Amino acid sequence: MSAPTSTVTTVSPEGPAVEAKPAKRRRLRFVANGKAATGLIVLGFFCLIAIIGPWIAPYDPSARSSDLIQPPSSEHWFGTTHLGQDIFSQMLVGTRGVMFVGLLAGLVATALSILIGVSSGFLGGAADEGLSALSNVFLVIPALPLIIIVASTIPGAGDLMVALVIGFTSWAWGARVLRAQTLSLRRRDYVEAARATGESTWRIITAEIMPNLTAIIASSFVGTVIFAIMSEITLAFIGISTISEWNWGTILFWAQSQQALAQGAWWWFVPAGLAIAILGTALSLINFGIDEFVSPRLRSSGHHHKTKDGQPIRMRVGFTPILPKPEQNATPVVRKKKEAAA
Amino acid sequence: ACSNGDGKTNTGAAGGATVLNVGMPNGPQTENHNPFLGSSSGASLGYRWMIFEPLVMINGIKPTEAGKPWLATEWKWEANFTKLSFTIRDGVKWSDGKPMTAEDVAYTFQLRKDNDGLNSDAIPYKTITQTGNKVDLTFERSQFVNQNKLLTVFVIPKHQWSTLKDPSQDTLKQPIGTGPYKLKSFTPQTTTLELRDSYWQELPKVKELRYTSYNDNNAQTTALANGASEWSFVFVPNVKAVYQDKDPKNHKLYFPANLGIHGLWINTTNKPFDDPALRRAMDKVINRDDIFMQGEAGYFYPKVESITGIPTPAGESFIAPEFKDKKHAVDVEGAKADLAAAGYKLEGDVLKDKTGKPVEITLTNPAGWSDYITDLEIIKDNLSTIGIKATVDKANQDAWFKAFDEGTFEAGMHWTNGGATPYDIYQNIMDGKILKPVGKGGISGNYGRFSSPEATQLLDTYANATDDATRTTALNGLQKIMVEQMPVIPTSASNVGGLYSTKNWTGWPDEQNSYAPGQPTQQNALEIVLKLKPAGSQ
Amino acid sequence: MTVTDPAVAPAVVPEVVLEADGLTKHFPVRRGIRDLLTRERKVVHAVDDLNLTLRRGRVTALVGESGSGKSTVARLLAQLHHRTDGDIRLHGESVTVRGGRKFRAYCRQVQMIFQDPFASLNPTHTVRYHLTRALKIHGRAGNSKAELETNLRDLLLRVQLTPPERYLDKFPHELSGGQRQRVSIARALGADPQALLADEPVSMLDVSIRLGVLNLLRDLKERLNLAILYITHDIASARYFADETMVMYAGRMVEGGDSETVTQHPAHPYTRLLIESAPDPDRLDRVGDLRAPEDQGSGEPPSLIAPPTGCRFHPRCVHAMPKCSTELPPRFELPIVESGQSHWAACWLYEEGAAK
Amino acid sequence: MSGKEPVLEIKDFSVDYGLGDEGVQAVRDVTLTLHRGEVLGLAGESGSGKSTLAYGVTRLLPPPGVISGGEVIYHPPGGDPYDVMSLTNAELRAFRWAETSIVFQGAMNSLNPVHKVSTQMLDVIKAHEPDLSPEARIARAKDMLKLVGISADRMDAYPHQLSGGMRQRVMIGMALVLEPQIVIMDEPTTALDVVMQRQILAQLVELRERLGFSVLFITHDLSLLVEFSDRIAIMYGGRIVEEAKSADLYKDSLHPYSEGLLKSFPALRGPRKELAGIPGSPPDLRGMPTGCSFHPRCPHAFDRCSEEVPLLGIPSARNDPSRSVACWLPGRVPVG
Amino acid sequence: MKFLLQRVAFYLFTAWAALTINFFIPRLIPGDPVTSLINKYQGQISTEAIQSLYVLFGLDKDASLWSQYVDYWGQVFRGDLGLSFTFFPTPVADVLNQSLPWTIALVGLTTLASFAIGTGLGILAGWRRGSWLDGLLPVTTFLSSIPYFWLGLLAITLLAGPDSIFPSSGGYEPGLVPSWDGAFIGSAIQHSLLPAITILISSVSGWILSMRNMMVTVASEDYITVAHAKGLPEKRVMMSYAARNALLPNVSGFALSLGFIVGGTLLVEIVFSYPGIGYNLFQAVGSKDYPLMQGVFLVITLSVLVANLIADVAYLLLDPRTRKEG
């Protein structure tokens, strides 16, 4: 049945419809956030190293040499270990493991949290009760001890295994947040409207609800990545996971078991720790960026204000600032009854 | 916890030291003074030996020397080491004032006989009889190889132990022993012992012993370096910089070897490593010096020099005349020549076996054992000089243990048992009687699945021989097999060493005066404490 | 039972599209499985025994205060809720659907417009996406891209968003409220429905644009011959826009009839209260004296979990009789004021012989 | 009621959101006088700047709002008038609520959900009259609540335990507890249904008679204002476009926008007439039309409208000082 | 109190699930305590000792998993957690009894302090946006991104030593016996300083950030504007209106973190050789000491559950909206 043609159509441009310029994506605005941009750049740098690190490493990270425990020099930028291994090369090669575990664990955990969080929030009822109980159990079981135990269960737990273990044990928080958010989205009119239009449940979840969860998903992903990297490094550091594969934790493990600090070999200890801290900071910055993107109130930059003539103005809740009069001639200022001691 | 401690923090001042601070890196302890239990704090920190004394004191690094009479004044082996009789010392008192008698000694043995859990050396006791101040023991088999284990048995008071419900499950909060010290206080960090009023020997100078348990090697090392710990046994990397240089005059190491070794165990069922020629060639290129210097920090496990694998000087007297002067030395060219003669081909950097396959080997050890791992890294490097491609696999500890137990490993560092003679080493490596096929676990030695009926025969002969000549012949035969077949490539000796400070106390054993091993958790520790004198008092 | 008695409005009774008969909805008061331990099952009596008929080319208004169950009625009719009792008939056939193809077939004929145009469009999708989905789901997207494009343009033109190109690729946040509501309407029209359920379609819009949307709806009704359910709490707009008006109070219909009659001659005390309370600038005599002529008692709307027995309005009603609190008043047909119009009220005041 | 004595004079008042290039001007040169004891209605469509003006006058605008010009002269009863904009923060705190109180749109959001109603009420009294004994404070709060129809036993209720109407009444009571001169009400009843709305407004009228405060009443519901207020000011695009007595405005509006607004309401009584509404959509603050900001939507617009901004003034055709309008249409051009 | 009962039922379920997991996980670990013990004493326990150890630990009997599970629950209810293998034959309960107070004292107090300081700073940072406090955020973010153990080790190297006031390890001076006397308490406090400071440094920023963000969110609520409009003193608006409400979401976070005290202290205790329960877990994992592992898990799980319950109750008390009438 064809719709009756409209009679009110007044303007009906002839010819093919002009392709309108796609509206600017809101998502891109996220990058414009200074914090997020900084974080992304640093993260990008580490990703790059993760990819090319093994190729650009000047030495085989495991190769012994006769320069034992040497401080940084032009041959060994970050010095050497007790076996004469080049720490700089170890750092470069080790980045891959760190990033791999972090990202994979983040992906696994995020996928699980979406699966469990969103379906529990959307389905409701008994399924919800069951899935939330499951997430609560996983929330209650402390992750790090659990990871330590599970990782020590698996013989020769390599990067892949560690990533999976971390991924499978750290989804619960994300699931809880996503569930809460899904619950609130599920009641939104546009979800109901999509249903009333005749959309299938599956499509409502993937096309209507999920896009609105992107920020939360991204933020929980980044959060898990931070957690995964820290856990992985901790596992390597305390010698639970295999140390056959180089990563920053392995370097720290060796430094610690050889008591690098007591030996005065700070170069063995410092680069890995700093790299972790920088990577962690970068990821946190991205998360702040996301937070601020989701909740613009958090943008602190909005509070450093300058007038046109460069005078700083502090915005305060409850006491709206008054702009100084640019010129005195506009309206005669009535006598000041009280001197404002601003 | 027990009595109150005084708040004093360290040894006495100018008047000479009164307190000795002993440390071990074993983590927080729970109050458990049961000397039988390796898990007790007494065993973990070593103070059980200050409370419970042996019948005979035997120098752990000179096991062949005659022991010193301790709670037994005399002992005699009879009937080809199937009978042992002790004469028990008179006038020894338990710390609760009761006299120690032969009855206590007999009870001590009876307890071990009756409780599998306490018979940790699996001694086949037959009869235990006590008459007057004599105790006679008989055994199912010759106990030649176990003789020191029997002589050094520590004695416990019958009047206390017979009241315990389950001696193997008792934490023995109030230990009663014959030693010069009694328990003063216990905390998870520190156990303090104080001197008894009287002792059957001259009372030691150390008035108080403080055993502190540090959580890990680092903490222990720090404590040693800053003098908080005066005696310990811990692996310290770069020991010179980290420990000795902190007080070069007083910070001392003493790491003598005993009769146990560490080496690269090879699974002899794996092709082509079933070929002794290949194993010998590997031995020729493995640099034991590097392993000692880099892997073991230049002191920890002393290098084994003899090609027989017998550590010296502890085992000096056992080495067969033909191997007396044969010291291990790296000989790459020799190894290459031997391999060529045996039909191996070195093509470029790659060694090909007789079938033309490249020779590759995986070296496995638990990740956390940094000295072993370092050793493997060195071995890997060494093996590459004759074209063997080795990979170091850092396994999970349990996986590694399982691989050794079931014979599914290719090669890896492992230790051997130790004892009064090199028999224990060889038995552990070559005994065909304990051999189990690959894939079957529960093996207690011979992880490499080395099968040599000749070796098994010789071991049996040694253990049951009635005279020294037979034993010497058997041991020489075993050495020959070891040298020719090389089922394990020895690298280092086990140590019974320690790190100590002469700042407050002198009289420690050292290379010149090796009256005892240096380790604070060994039975000989009592002897050391008895010999210590406040610094400057001589 | 239908509202319009055939005897009263003969001949040109337009075709019935959708009717509800004894429609009832009780929401369980649920707080998770843990509550199952407690035996009593409390429910919210959101809608009770509601009868309603939507006819082609006619607008039926549903008025009532907040929480009286208006939206629930719309959702029930759109099959977004499951009814507790009663029947919904589409072209005389009873339908109960639970999703799937049958649900789509139903939505093709009955579409809904939501109250809040700011919330009913997904902020992450463009106008194009919303409309394309509506067309695709109901198989009206055409076979080619060009055809789809034409259909999209048609839809936008129909809701007077011109030129369509300007709006197609916009995100909802780039549109004003009125424009958004037009997009919502366009989406509903995408299914080419016969009945449109408009749940307060203008209450979130600005005064000056409300009228535009209402006029658009009226125009659509006339041109497409749609049956429209217009839900509102603004009785004046019901008068303006709807052909007939029903008044709901606490989940029950209390009065119904031709819009003009209901607003000009309200019968039920609640309707009267509603009309008295509505701001009315024409009654300038009342400036400064806002008290409604009738006292309203406590003025609190009743709890729907334990609704008052009998007539639900009786606790607030100044005319309440003993009977009101015990017996549920049935519908009483009222004397016709204007010719050809029906009018009824569910109030004991209009029982035969009751003193007015 | 409305003696012609001013209580609050807003002069050339402007408010910006943001500074510099990002800034937009939401209220432009508004001049408005509130007289003692009157109800002044402020109407206009959403986004026209009604709330901004109300909050600006009390300096309560949230960031990034800034006051970019103008004065707000307050005339205390029997004292010297002073400019609210030049008060220090401490003076401003003392001024607030004691002289001017505000009732916000959503009562649920205006009441702190974690404190009892009584606590929030006593807070104010304590802050402004610290010398009053606690018993006296409680008595005062109780009295006030009784006045707005909330029984004393509800004093200790938390906001969520009260219905929407009760909360709104609590807010009104709180606004009056210090007996201020001015009460600003920003859409106090839009969230309520008509029955409740009327109840509350009735109460307010009663209270005003008793206490004699002035009300600045903001709503977009013009029909309500006509019925309820003494004078009405219509805002459009951040400016006041017309100001008149309610009845005058209703019967005879001068500005085309006011006219449009009035025509947008379907009437409940009287003949059913066709309604026109106002075509087009509200202006965007970033791209305000030149000249009269209403001209793109105005059916009577002519050239001058898009060129010059009309100033609010007494229309030439009516020599009525109680009226003013900002329009270029003949007869409405301000005189003087 | 129906609400509480429901929560309790829920907690019981969660406890059951968690404890069941606790039971199974250690048993899935390959290896057994005896081989671990032998590995630990590389070569110092002769291989003949294995059999005697199996007998000693009671591992020579095979019991079905189900009967072990039943026994496990029996034990849990009796409060009997079995004998630890590592400290054989010390009961697990004794081991925990000995270490738990340390963990609770150090980490509990530090968590409290961290929460208090972080929340305080967060309140200020959120309230005074644009002031110098904004500069605090990047610094704390960086500090909190540093791996904890690294920070701890660095602190030990740089600050601890024989001459420093910070001892590098242990919970108290080696010679002292735990008791409530001045010397001991002083020593315990002194030993806890460095771990406490490092925990504080790395955990405080989380509180600062979350509190700041909540403050910012709350500060734009209408009731804050109303509070300003009421002319209340600034401090009152900040604390009683803004902070009071902003604190609510942080309460559950705080309770959760209290629950994680026990589980999260592993690294602190390893690095500082602190005699707490986290280190016990580390030891137990290393030596396959199931009874001890289960004991530690039990304590951790229960503490998390209790903390959650406390959070629920606290929320109930703090937020009148969750209180149900009647």
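All chains are identified by letter, namely A, B, C, D and E, in their written order; residue positions are counted from 1 within each chain.
Rule of thumb we're sticking to: contacts are C-beta pairs under 8 Å (C-beta built on N, C-alpha and C of every residue); 3 or more make two chains touch, one makes a residue touch a chain.
Chain-to-protein mapping (UniProt): A, E = ABC transporter permease; C, D = ABC transporter ATP-binding protein.
Source: prediction; values computed, not measured.
> Between chain B and chain D, which partner chains are common?
In this structure, the chains that contact chain D and also chain B are A, E.
> Across the interfaces A-E and A-B, which one involves more C-beta pairs in contact?
Contact tally favours A-E.
> Any idea how many Å lie between the Cα centroids of chain B and chain C?
91
> Go ahead and note the Å separation of the Cα centroids belonging to chain C and chain D.
Inter-chain centre distance comes to 33 Å.
> Compute the distance, rounded to whole Å, between the mean C-alpha positions of chain D and chain E (ABC transporter permease).
Here the centre of chain E (ABC transporter permease) sits 54 Å away from the centre of chain D.
> Roughly how many whole angstrom separate the Cα centroids of chain A (ABC transporter permease) and chain D?
Here chain A (ABC transporter permease) and chain D have centroids separated by 45 Å.
> What residues in chain A (ABC transporter permease) touch two or more of the other chains?
Only 152, 155, 256, 262, 303, 315, 317-319 qualify.
> What parts of chain C, by residue number, touch at least two of the other chains?
32
> For chain B, write out the residues touching at least two other chains, lowest number first.
Each of 222, 398-399, 402 in chain B touches at least two other chains.
> Could you please specify the touching residues of chain E (ABC transporter permease) with respect to chain A (ABC transporter permease) in the complex?
Contact set of chain E (ABC transporter permease) toward chain A (ABC transporter permease): 10, 13-14, 17-18, 21-22, 25-26, 28-30, 129-131, 134, 138, 141-142, 144-147, 149-150, 153-154, 156-157, 213, 216-217, 219-220, 224-225, 227-229, 237, 256, 259-260, 262-264, 266-267, 270, 281-282, 285, 293, 296-297, 300-301, 304-305, 308.
> Contact residues on chain D for chain C in the complex?
Per the stated touch rule, the residues are 1, 45-46, 163, 165, 193-199, 201-202, 205, 220-224, 226-228, 246-247, 250, 260-261, 264-270, 272, 275-279, 281-282.
> So in the complex, the part of chain B that touches chain E (ABC transporter permease) is made up of which residues?
Residues 1, 3-10, 19, 21, 27-32, 34, 37-41, 116-122, 168-171, 185, 187-190, 192, 210, 212, 214-216, 219, 222-223, 226-228, 260, 262, 366, 369, 397-399, 401-402, 405, 415-419, 424, 428, 444-445, 494 of chain B touch chain E (ABC transporter permease) in their complex.
> Quick one: in the complex, what on chain E (ABC transporter permease) touches chain D?
Contacts found on chain E (ABC transporter permease): 220-223, 225-234, 236, 240-241, 244-245, 248, 318-321, 325.
> Across the complex, what residues on chain B touch chain A (ABC transporter permease)?
217-218, 221-222, 225, 236-238, 241-242, 294, 367-368, 370, 374, 377-378, 381, 392-396, 398-399, 402
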